[in-house]
Amino acid sequence: MTEVFAVLVLLLLLNIVVGLARVLRGPSAADRMLASEMFSTSAVAILLLLAFILDSPPLLDVALVLALLAALAVVTFVGRAWSDLQSRQSESARGMESRESD
Amino acid sequence: MSLTDLLGGLLVLLGMPFFFLGTLGLLRFPDAYTRLHALAKTDNVGLGLVCLGLALYSGSWLTGLKLLLIWLLMLVASAAGAGLIGRTAMARGMKPWGL
Amino acid sequence: MIYLLLAGVLFVIGLHGLFVARHLLRKILSLNVLSAAVFLLLVALAREADPLDAVPHAIVLTGIVVSVSATAVALVLLVRLSRPREDQRKLMDEEGG
Amino acid sequence: MGWLVLVFDGLLAAALIWLAWQATHTPGLFRSVISFIIFGLLMALAWVRLDAPDIALAEAAIGAGATGALLLSALGRLVATHEEGAPWQERRDLYFWIPAGGALLGLLTLAAWMLPSPGLGEQVQDALPESGVQNPVTAVLLNFRALDTLLEIGVLLLAAIAIWSLGRMPLPSAPAVRSPALPALGRLLFPMFVLVSAYLLWRGSHAPGGAFPAGAVMGAGGILTILAGAQPWLTGSVHGPWRMLLSLGFAAMLALALGVMALGQPFFAYPPGLAGLIVLALELAAGLSIAMSLVALYLAGQPPDHWEGEARGE
């Protein structure tokens, strides 16, 4: 069974690497943030599988910490980075999306 | 290999397609709202099945509870995050695709 | 072995970024990449030893916290630097009065 | 299995290099910051591969949590979020950079090569029974090399003081959208943060965990509650002397080191038999200080004496 899990871990990592294309392409900040959230889910799954493959329970704790902090990045993003940009540049709201996407 | 092991492994395998489809959706869907939808499937169903499968596979209550906690935390983060991103995107005037 | 190579490549990327990046935020990120490369080197070397050498692990843990503090101070300085002049004067008036 | 491990390492290394490049060398500050956050996430996986679960825990808590929050808030506060022109300076620098980078890399490899190879693993293993804990990393951090930890907590304290000395904290801007999810999230998750950090602290004596990850998780919890609309706990006249908790870890470690010195022991040499208890107490103090310092770092300035936010309603 652990061999199967090892293959799955590899596929999940490949999944992350393929998903990096969304970070590259954007276009808006939210899309990149979503990609990052997706990666943290995949990383949690990888850690869980690795905990069973390597038979090392501490990795479950690492996954727990990652799961706990998954909310923090999104909340900071929405509460600080994204809304501040808007309040400051709302007058140029039309050009906003294109500028942000560089 | 016992039956619970097999069942656990099967559930983990069943969860994997959700991860791949989630990434596919992230790459192929046209705008942030639809991508939000793809992401939620991975967080909720994909990780849920993996956690459930591994909990069966581990065969220990304590590990199972920890896995359940991990899944619940991801659920909370995903639900709240999706709501916040969606609302903020709307407020910023980002147009949903096809409307 | 892969990780030693990785540490080397990250080191060069971080160093290059640190020296030639224009924006200060990018310099801060480069500094973080640089420190990650050094941590990686230490831990990858510790793994060669048998039994596992716990001292580099502890040092790297310390280093991570120190690099977070440095990043935080640098970011606050950066934000204060980027404020327009009148904004700062207002801030100083508020503090004076 | 061998090739699987090799492919895994290769993919991870390629992704890390690509992300580091993205973070430092491509246009678009937001893209750089997000790349760096994902870089931290994948670094946690690399630490797992390098048999360093302690560092993986700290990286997950600090790299993915606190640093990400710090960077994203700083990005939000920056006035000019777009850069003019190329992200880096002229290309002719390459003539300098290729040889210089190669030389540095060579020196680094040489230095790594010349390090004494067996390391201190055996000494740590031998002394472990005397340290009062079973986790070698915790033993090194809080017993054998407690001086390093003392100085490190000192650096954290110093960073908090430096940030406070730069002026008052910027008032947080109201989020663009009021969502009921945010306060609910804060209320729901905060007990979980307390629970997990207490668990990590307790785990630290016999398994990966301890003051650093515990403090970092707690600090991240504090940041989350601030984001969810709570007032920072460091507000001057209201919470008064509680601010002193920031220096608790540093003060406790220093007092202990000087205390054992007064008893005729060397600096930081714990009396045998009491070591386990002392390490646990120090871990608690250090964890609290790390958590509070992270919140203080996040506030980006001195908190006001009176809180005049709208949330209070007094």
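Read from first to last, the chains carry the letters A, B, C and D; within each, the first residue is number 1.
Here is the rule we use: a residue touches a chain if its C-beta (ideal position, glycine included) is under 8 Å from a C-beta of that chain, and two chains touch if they have at least 3 such contacts.
Bear in mind the structure is a predicted one, so any value in this text is a computation, not a measurement.
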Checklist entry - What chain lies farthest away from chain C once each centre is taken as the mean of the Cα atoms? => result B
Next on the checklist: Between A-D and A-B, which chain pair shares more contacting C-beta pairs?
Outcome noted: A-D
Checklist entry - For chain B and chain C, what's the span in angstrom between their mean Cα positions? => result 32
Item to check | Interchain centroid distance [CA atoms averaged], chain A/chain C, Å | outcome: 21
Checklist entry - Can you give the whole-Å distance between the Cα centres of chain A and chain B? => result 12
Checklist outcome for this item: Check: chain A positions touching at least 2 other chains come out as 33, 35, 57, 64, 68, 71, 75, 77-78, 82-83, 86
Item to check | Multi-chain contact sites of chain C, meaning residues that touch two or more partners | outcome: none
Item to check | In chain B, residues with contacts to at least two other chains | outcome: 73, 76, 80, 84, 88, 91-92
Item to check | Pairs of chains, among all present, that meet the touch criterion | outcome: A-B, A-D, B-D, C-D
Next on the checklist: Give the list of chain A residues in touch with chain D in this complex.
Outcome noted: 3, 6-7, 9-10, 13-14, 16-17, 20, 23-24, 26, 29, 32-33, 35-36, 39-40, 43, 46-47, 50, 56-59, 61-62, 64-66, 68-69, 71-73, 75-88, 99-102
Checklist outcome for this item: Within their complex, chain D touches chain A through residues 1, 4, 7-8, 11-12, 14-15, 18-19, 22, 27-28, 30-31, 34-35, 37-38, 41-42, 44-45, 48, 53, 56-57, 60-61, 64-65, 68-69, 72-73, 75-77, 79, 81-82, 172-173, 175-177, 182, 185, 189, 192-193, 196, 199-200, 203, 207-209, 213, 217, 220, 223-224, 227-228
Checklist outcome for this item: Per the touch rule, the chain B residues reaching chain D in their complex are 73, 76, 79-80, 83-84, 87-88, 90-92
Next on the checklist: Give the list of chain C residues in touch with chain D in this complex.
Outcome noted: 2-6, 8-17, 19-23, 25-26, 29-30, 32-33, 36, 39-41, 43-62, 64-66, 68-73, 75-80, 82-84, 91, 94-95
Checklist entry - Inside the complex, what are the residues of chain D that reach chain B? => result 175-177, 179, 181-182, 184-185, 188-189, 192
